[in-house]
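As written, the chain order gives the labels A, B, C and D, with residue 1 at the start of each chain.
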Amino acid sequence: MSGIGAAPGEVAGGEIEQIGVGMLGYAFMGKAHSNAFRKIAYMTWPPPLVPKLVSIAGRNEEAVQNAAERYGYERWTTDWHALVSDPEIGLFDNGGPNSLHAEPTIAAAEAGKHVICEKPLGRTADESYDIWKRVAATGVKHLCAFNYRFVPANRLAREMIDAGELGEIRHFRGRYLQDWGDDPSLDTWRFHADEAGSGALGDLGAHVVDLARYLVGDFESVSGLVKTFLPGREVDDAIEAAVTFSGGAVGTIEATRLALGRRNALQWEINGSKASLAFDMERLNELQVFRADGDRARGFKTVLVSEADHPWWGFWWPPGHIIGWGETFVHEIYHLLECIRDDADVAPMGATFEDGYRAAEVCDAIVRSNETGAREQLTYRSL
Amino acid sequence: MSGIGAAPGEVAGGEIEQIGVGMLGYAFMGKAHSNAFRKIAYMTWPPPLVPKLVSIAGRNEEAVQNAAERYGYERWTTDWHALVSDPEIGLFDNGGPNSLHAEPTIAAAEAGKHVICEKPLGRTADESYDIWKRVAATGVKHLCAFNYRFVPANRLAREMIDAGELGEIRHFRGRYLQDWGDDPSLDTWRFHADEAGSGALGDLGAHVVDLARYLVGDFESVSGLVKTFLPGREVDDAIEAAVTFSGGAVGTIEATRLALGRRNALQWEINGSKASLAFDMERLNELQVFRADGDRARGFKTVLVSEADHPWWGFWWPPGHIIGWGETFVHEIYHLLECIRDDADVAPMGATFEDGYRAAEVCDAIVRSNETGAREQLTYRSL
Amino acid sequence: MSGIGAAPGEVAGGEIEQIGVGMLGYAFMGKAHSNAFRKIAYMTWPPPLVPKLVSIAGRNEEAVQNAAERYGYERWTTDWHALVSDPEIGLFDNGGPNSLHAEPTIAAAEAGKHVICEKPLGRTADESYDIWKRVAATGVKHLCAFNYRFVPANRLAREMIDAGELGEIRHFRGRYLQDWGDDPSLDTWRFHADEAGSGALGDLGAHVVDLARYLVGDFESVSGLVKTFLPGREVDDAIEAAVTFSGGAVGTIEATRLALGRRNALQWEINGSKASLAFDMERLNELQVFRADGDRARGFKTVLVSEADHPWWGFWWPPGHIIGWGETFVHEIYHLLECIRDDADVAPMGATFEDGYRAAEVCDAIVRSNETGAREQLTYRSL
Amino acid sequence: MSGIGAAPGEVAGGEIEQIGVGMLGYAFMGKAHSNAFRKIAYMTWPPPLVPKLVSIAGRNEEAVQNAAERYGYERWTTDWHALVSDPEIGLFDNGGPNSLHAEPTIAAAEAGKHVICEKPLGRTADESYDIWKRVAATGVKHLCAFNYRFVPANRLAREMIDAGELGEIRHFRGRYLQDWGDDPSLDTWRFHADEAGSGALGDLGAHVVDLARYLVGDFESVSGLVKTFLPGREVDDAIEAAVTFSGGAVGTIEATRLALGRRNALQWEINGSKASLAFDMERLNELQVFRADGDRARGFKTVLVSEADHPWWGFWWPPGHIIGWGETFVHEIYHLLECIRDDADVAPMGATFEDGYRAAEVCDAIVRSNETGAREQLTYRSL
């Protein structure tokens, strides 16, 4: 027997619905998101919706044209407004620099498109609040791309916590350590205050803050400091904070681009009254688990989070055949597509723009604490 | 500025040549290879050749039809001969069970198609030799899919060895430990002697043997044993061997499906007179490196093989953003496509069918040693 | 040939001088110090001075009598004044509870005896300052028993830093995690405010503070918090702080008795502009070392600090034959005996009472910061 | 209250019995054993018997005299016969080179003294059998100093196995890796065939063999090889073997002095049908434990073997305060003293001379297998 293989998006007996994607940004995040859109179509089978790569926007004409060819977007443009007005686009994905998060994202949502926006949502809590408020008013689905919620180990941690397996949580210590910042000759929008808003704080610290919120709950206060080491650098190289959570836990938060030898080490540890968990993004397939179960052989387990019953593992390979960092975006966008298809809530498993805003409040409080020297209490605005 | 984004395979000023792919097998290896074909088109930019997924073959009609839809093959068939006779197919990829390696692969090569065949090449050295001999006679490119040569850490190890950084190699100890075999109720072609040829030996042991050959060189002798633990199982559960290499090194080889807690642990260590290296597939982004460089701070480095100057890293992400097991197939097939485009040698960086055959000789020698109780010297046939 | 073996303390051609030891405390620290005194006599050969165990003091008559028999003290007493007035005692070792640090230590020094006092020196900075001031005035040698300076890995770290191998230090993150505190039924002087002064702060946090000072230099400011989780507990269970150092580094400090699964995890990491170092007391024989040396194989080394040229290793075994936690006291007291014999400075390699006082200033500042909510600047008194 | 502290060996209400020790050897093993004798008296409280260091023997007069002074032996001698005839000696400890194991040990036992002898018991199975046979005939207690049975992690492993926690054992892979052998200029009795008998085989391989026997049971067959790399070296640098056990398990055995970067890495892993265990002597306080207990969080635990209910931990410190390699001798000799005091069996927790002999049979079989190329079946002589 032979036959015609349907194009992706069709299954026996019917077609999976498509959703047109408009992508803003072709660099690091543009690549990561485009890869996810392409893989969702065949790795997450059947996909909730089939992403159709309609158009990609970016400032450099040659680069954006090249990206369109490379990733298979049907069109390209140097003007993001073209994405907003494009009727074929149902999902607007903002992977541009931080200064380009607010306006295009709001415009796309107000044009009725679902929106993903890279983190940090805005450059400040005010800007983030504005994005959230205006996008929420439109009723579209919105996701702030804190992709580390979509690491299987982090999701497993959340599921264990939700199931009460940790008991009362006492401590969260989280840090995001990288080391590429120690190069005075390097120039990128990430070092420009107007484009980036902040340095390690928004780029790395926001991830730690969001994971802390995802796993432990909201922050109550921060006592922090912000530090720029390299002469002439406009943004911070590192932040440090002692923090308290509304639920009673206490801990530390840190982010730096100057931790020599640490390339992508988002590390966290949580200590509860029944169990402890620990994680390192450089070994993102692993979760360290300690259970106070009375076993004479007492210790942290190195759990390879790759079992058939582990989060999202059904998309991938047999146990022990690990996945990469890029796959977190597959999980993230898959989740959003499910929410769009089912008209379901992005939260609590995905980060909404409210989560993006709340993380920004914590980041701003660290900056304020640096300036005032005082412990800053967190308050959150509602809509 | 806006424009039309070319379909993948086109670049500004000209088109990248395509190669039609015919895939035999839609299960584990069919999925892994199909994923690689799709990612090569946009992650390895510009790709040497753009894989065009022409047709996929498999025994189960519903499953193969579904796979065609899922991965985007234009056609499907339950008869692999259709791939062999398909003029649009330039590359035949054999991911079927071991008993289906010889005939289709030879037929495809004799039809002028380049061929990839999953490991083990044949079920015995004789069968493997026959495949090699007949395929080599056709002049097509042939690659035996020992994909672990295409783990960046393993390639880096090879490059260090080639550069003389290890000095004289004294030891290789390699083992491939999995634990899924301890289930009497499980049935798969991998447990049937006629389809699989052997158990852990050809499935896992062959990988260890190939990596040993890739890194240390040819085997000289083996003293081994083969063991089946589960009643009624037709194939071996485990093999063990003490081995010598032509270059003078000595060591051990092991493969088992009954190492409880080890999910995909292909582990090896090499000790040379100047440096030692160690590796574990469950942490495939890492290479352990010890150098006798006189540093007072003496020890094994945990090298995250993800730097810009590390093998294949230009395809992926910034340093520290690790890749997964699936990416090894991207590297492997990329290498083959380069060899096809440039009419270059698949060896020594890729495994040819000669390498597949030589690994089979070592596996056969372990079986013979088990039966005779004697140390078996290796001899290799040439064409 | 046969002969008479001299008693320990005699060497061919002459006798090594003895020093009479008076020990206050027979529990945890009494055991650790007594073991060190006994081992110094034969493991650190020839010892600088031979400790002669003269007398041991403690509150419980039966227990102190038993301790005298067990460790070989010639006498015992329930009144520590007897040690102070004992002319045979040249070295007074205070291993009693924190509330018993000040008076006996000062009295012993004023009686002309050299003094070791367990950490924290006093229960507050004021008390610590008083001890330092009065003891320093006597001219005896004084050592505050921050024994973790005498872990070979920590000393090696200090030597690397002194040699400039780290460049400019940017970060220190240190934490001392234990988990025995989560037992409401447990009672010990360590939970009583009057005897202990503080909880995790003085018990564990002081160690982190001292190691930070030893490796990075003096603290400039702390923004901290102090937390008691268990109802009815008089002292803190945990402290957290964001800190700055006079030299420009920033970081975090943490101590807790509620980190489930961590038994004795004093962990620190230092990031400099040329190298990074990391350590965990649960693997006290190891130091993690990253050097920015341009090696393509880039990563943290796991250095087993047990080479012939590593600190104090000449006392022990061949490389790789690791030592235990108890050995840190051997190194510490050996250092003090050398200083006594040679009339040399205890600092900077050993912690003096000034170091004990300065650590107390930092601990007090954390308490103040907790109360005021403000970043507390450190100021240090001099004599 | 004050009082007179009794000398060690006296307790309130009565004296602990003493046993006179005669030590042969003052170098590496002489130091390790002497340290143990001294520590037993106060760390293992109350000790079963108090070791009284009567006399030490060695070939070099100055060195042995110095050792007597250092470790506190009452007498010294260059003639080991003096120990055998010394009526004050109740325990003869043989830490001399392998060529001096047989004659003095037999003589001491025949003089009615209990005996400890370092491993390997003899240089061959024949010599070992002779020692066992003649010593057993005397009725004294005999212990072959395989001290790694007395690592708490190894003892815990044995207790878990005895309790059935591993189920059916399928695999043992053990290796002892060191790297000091790669120095052509080095000279020691360990490189002389007549004094040592063998190289890595008896020095390191015997430890692996004994631990395998302790944990898994007796060997059934070995297929091995023996290799000398350095020109002019009289003994082997490395051995490799594939092995079977009487109980059905299969595995590999390796020992080498040329594994660059491995300083004292006696590593083993056992896979059972219910659990797996793994160990590395360079982290001797840790045991890796995997249990097939159905926990979704599945993985190897890093167990810090330092809990109050772990083997011998009552002698030492609070949990997490690790011990060193030297402490294994404290546990070993403590066990022997208990057996002497109670007239109890040294086996199965301690290695007797029968165990020493059986290990020698396995080592000899590896040598035979190297020569014949054949799998060698083990047979064991009885008395």
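Convention: a residue touches a chain if its C-beta (ideal position, glycine included) is under 8 Å from a C-beta of that chain, and two chains touch if they have at least 3 such contacts.
Quick caveat: nothing in here was measured; it's all calculated off a predicted structure.
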- Message: Report the chain whose CA-based centre is farthest from the CA-based centre of chain A.
- Response: D
- Item | Of A-C and A-D, whichever chain pair has more C-beta contact pairs | A-C
- Computed distance of Cα centres, chain C from chain A, in Å: 43
- Taking each chain's centre as the mean of its CA atoms, chain C sits from chain D at a distance in Å of 34
- For chain A paired with chain D, centre-to-centre distance based on mean C-alpha positions, whole Å: 54
- Message: Show the residues in chain C shared as contacts by 2 or more other chains, in ascending order.
- Response: 262, 298-300, 304
- Query: In the complex of these two chains, what residues of chain C are touching chain D?
  - Reply: 1-8, 10-12, 28, 32, 34-35, 38-39, 41-43, 45, 55-56, 61-62, 65-66, 68-79, 82, 178, 180, 262-265, 281-285, 304, 306, 316-327
- Query: Of all residues in chain A, which touch chain C in the complex?
  - Reply: 170-171, 173, 175, 177, 179, 182, 223-225, 227, 229, 237-238, 240-244, 248, 250-252, 254, 256, 258-262, 269, 271-276, 290, 292, 298-300, 369, 373-375
- As the complex stands, chain D meets chain A at residues 156, 160, 286-287, 289, 291, 295-304, 307, 309-310
